[in-house]
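Here's the structure we're looking at; comments come further down.
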């Protein structure tokens, strides 16, 4: 089972939480919580088991950004959700050395949430104009203000 | 006519009248060809094409031409002005002059020269100069790329074109177009020179920058290639030249391989035009069927396939002629 | 050497096969429709703009101005005003859709408790101004009733500040 | 420009945003040396409409029409994915007939998307005529889907718990006829395109994607299948009624453009097979789940659902805080990841190849921009 393989690969990292998910309810086979600094190692471990980065996004909660990484595999169905809580004002750590595909995802998160990724080679805005001065998916962002 | 003859002498009068006739022919021919191209394309694509102006849209191209003439001639900033303005004229003139030596029928030929073929080919090479001028002067990267491609393409394709035409010339022993037609009294050269005919059609397609060899104006890569920056009638002249060029290469094919104006019942001019338009239809058929080749493949194709085959064909022809 | 010629021949043959396809289609009848000259019949579920269902029995609409459609509309394009005609019954006095914002999702038609809305099969919709695409369903209903020779549904006014225009005038645009 | 270009070795060429072959408003900044590309930098976001932000300000049902506008070519798959995600959140069970209808219409939509791709791709390569034939076929699909869904392009047909309107006999008969028709048309496409020597030379050994790259960039859909990885969510993570049908996953060997082309063409044939089986097995029964709440207010939680769209994996990540509006909806669109490999693929290729590669990725730019 790929699920066990991944758990085994993640074991030496001593992550906050690695437990099987309720697939019928959430669509995850494995739920992982990690510290943002651990993300490159987590990504490396997942890559060694043959997982690819499915999607990367963030959630804006009042106290912190949750960066959510979804991993999946070509070989066997195993969806892994990794969450890294980044307190407001701090930066996440890039994984695009491991997965070059994360480059654009991280740029997108930076663009829409204003969350910086340390170590990212090219952290520019991607969807919005380069001179935009707002981050629309933050909960404090109001549409009306942006229109005006 | 007589007045002109007296004043200028028979030869010059013939030239003047001929030139006027040519300009009329070129315009009418282009208008017809554009309409034909639209109709051929449309019917191959299961649609009717222009239907609104005139019978089955026959006058549509006239309307378009009027629109083109009415359009403002925009000159972009930072173009090389003299060259930019000159290019449409340069592309149009040689095309016009090529008509001088084409025998439309036994008698309908403005000037039968003994180097007719060479004249046409020499003028045809001038087109590339105009394209290079247009592309370079436009100060547009797409245009420059189109122009550069065009030069390389013409250089690569003129060689097999000339070598291919040498085989029938060898059989006739004359560069005069009228002589070549006259030599096909018993049979058309397409029967004895089928390979040369195919090679010629391929080269002619490339020479006129038609799909699948329309790289100088490949719209999916270079937007519109060398004439990206031209508007109004200047663009119209490029367009006119393209379609007139098609007519000339098809006329050459007719003269060299399909017996020129020869044919039963109808007067020679009709046979000539029927054959020319049949070849043009073939070129249009290519365009609406094939994808475009890549630039390096185009050159490879010319040097690795066309030129060896053309040479082989020439050698075999020469051998047979010698043995006979 | 043999490969060289074989490749040329195979390639040449494939080109001829392609040309055979296009010339076959060249002779086939055309499949397109000449747009404004030929009319299409729309499929029964075609989603044009919404309009009132005319009840065969009462010969009028079934709208009770409950504003369900207004609430579910993703684009908030329905401007609906209801007026109480008696203690229980509520009728719309104004039902205008700003069709230019409509995304044709169909939620308003589905949510309607009295099935008062349906799709029209109008597809030749164009106009010069934004106002041209604002469709007054109550007026449209009257037009349809007028065309059938049925009595027109009066448009109730909440509190008429000015005398209501005569029925005949309302039909004329 | 030209004067400066003479001194420097490379120059910058803007491909797009208004360019015939960028398929929408995509701009690729090319650094070129002659006709060779040394660096390509796609610039996206011209069509950014803020779908994800819109989702946070609407309730669950009101977001439905947006899905048809993310990828307008395979809108029904996107509808389905979002519905699946919310159904998972609500714990709804979709009746079997509705699942069958979803499969049939979704696969029809997939064929129409692939057909449009085929035509537009040939247009990129300079062949004009195939797109009209493809449109002719596609028109039949649109007519059929029009009968069922009421719209021709930006469908908004599936609902939480099923589908709102049933399919009728005429649709079934029309679909069967269409399947027959398309199968004969494939022969023409074969002769006109697949076997064409120019087409083969343009596409063979160009834009090769290795399996390693698929993994690194998170590519999905025909992109990975062209590289020989049989990854298809319809098979690997069976959803809807797909486990009931027998179909193959066509894969390529080399991962070049030709492989991706062939994969898509074969996929159309497989889709026809699926539709045929679904029509034969079509069960009777309700089309809507029984207890669909009028007011959609899922409990707190999050869910990730994915479907196989025409371009790859479309994922819908919905986070609910127990309110009528979703807390966050992330749309994982396939084209976004698929396009991100373009800079790597385009180095040291010709412009003509770049156009061919870009076309073979099959991007739908509004989907990337969201």
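Chains here go by letter, A, B, C and D, matching the order in which they are written, and residues are numbered from 1 within each.
The working rule: contacts are C-beta pairs under 8 Å (C-beta built on N, C-alpha and C of every residue); 3 or more make two chains touch, one makes a residue touch a chain.
In this text the structure is predicted, and so the values were computed from the model without any measurement.
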| item | value |
| --- | --- |
| Pair exhibiting more inter-chain C-beta contacts, B-C or A-D | A-D |
| Chain B-chain C separation of Cα centroids, rounded to whole Å | 52 |
| Rounded Å distance, chain A centre to chain D centre (Cα mean) | 24 |
| Chain centre separation (chain C, chain D; CA means) in Å | 28 |
| Intercentroid distance (Cα basis), chain D paired with chain B, Å | 43 |
| Set of chain D residues in contact with two or more other chains | 129, 133, 136, 192-193, 196, 198 |
| Contacts with 2+ other chains: residues of chain B | 44-47, 288-290 |
| Interface hub residues of chain A, defined as touching at least two other chains | none |
| Chain-level touch network, classified as line, ring, star, complete or other | other |
| All pairs of touching chains, each written as two labels joined by a dash | A-D, B-C, B-D, C-D |
| Contact footprint of chain C on chain D as seen in their complex | 58, 61-66, 68-69, 129, 133, 136, 139, 143, 146-151, 154, 156, 159, 164-165, 188, 191-193, 195-198 |
| Chain D partner contacts - residues on chain B that touch it in the complex | 41, 44-47, 78, 136, 139, 141-142, 144-145, 211-212, 214, 218-223, 287-297 |
| In the complex with chain D, residue positions of chain A that touch it | 24-28, 47, 50, 52-55, 57, 59-60, 68, 70, 72, 74, 76-77, 79, 81, 99-101, 103-105, 108, 112, 125-129, 136-137, 143 |
| Parts of chain D lying in touch with chain B, wherever the complex brings them together | 1-2, 5, 11, 13, 19-21, 35, 122-129, 132-133, 136, 192-193, 196, 198-199, 201-202, 350-353, 355 |
| Touching residues (chain side chain D, partner chain A) in the complex | 44-45, 48, 50, 52-53, 56-57, 85, 88, 214-219, 224, 229, 231, 236-237, 301-306, 313, 315, 317, 319, 327-328, 330, 332, 336-337, 340-341, 344, 369-370 |
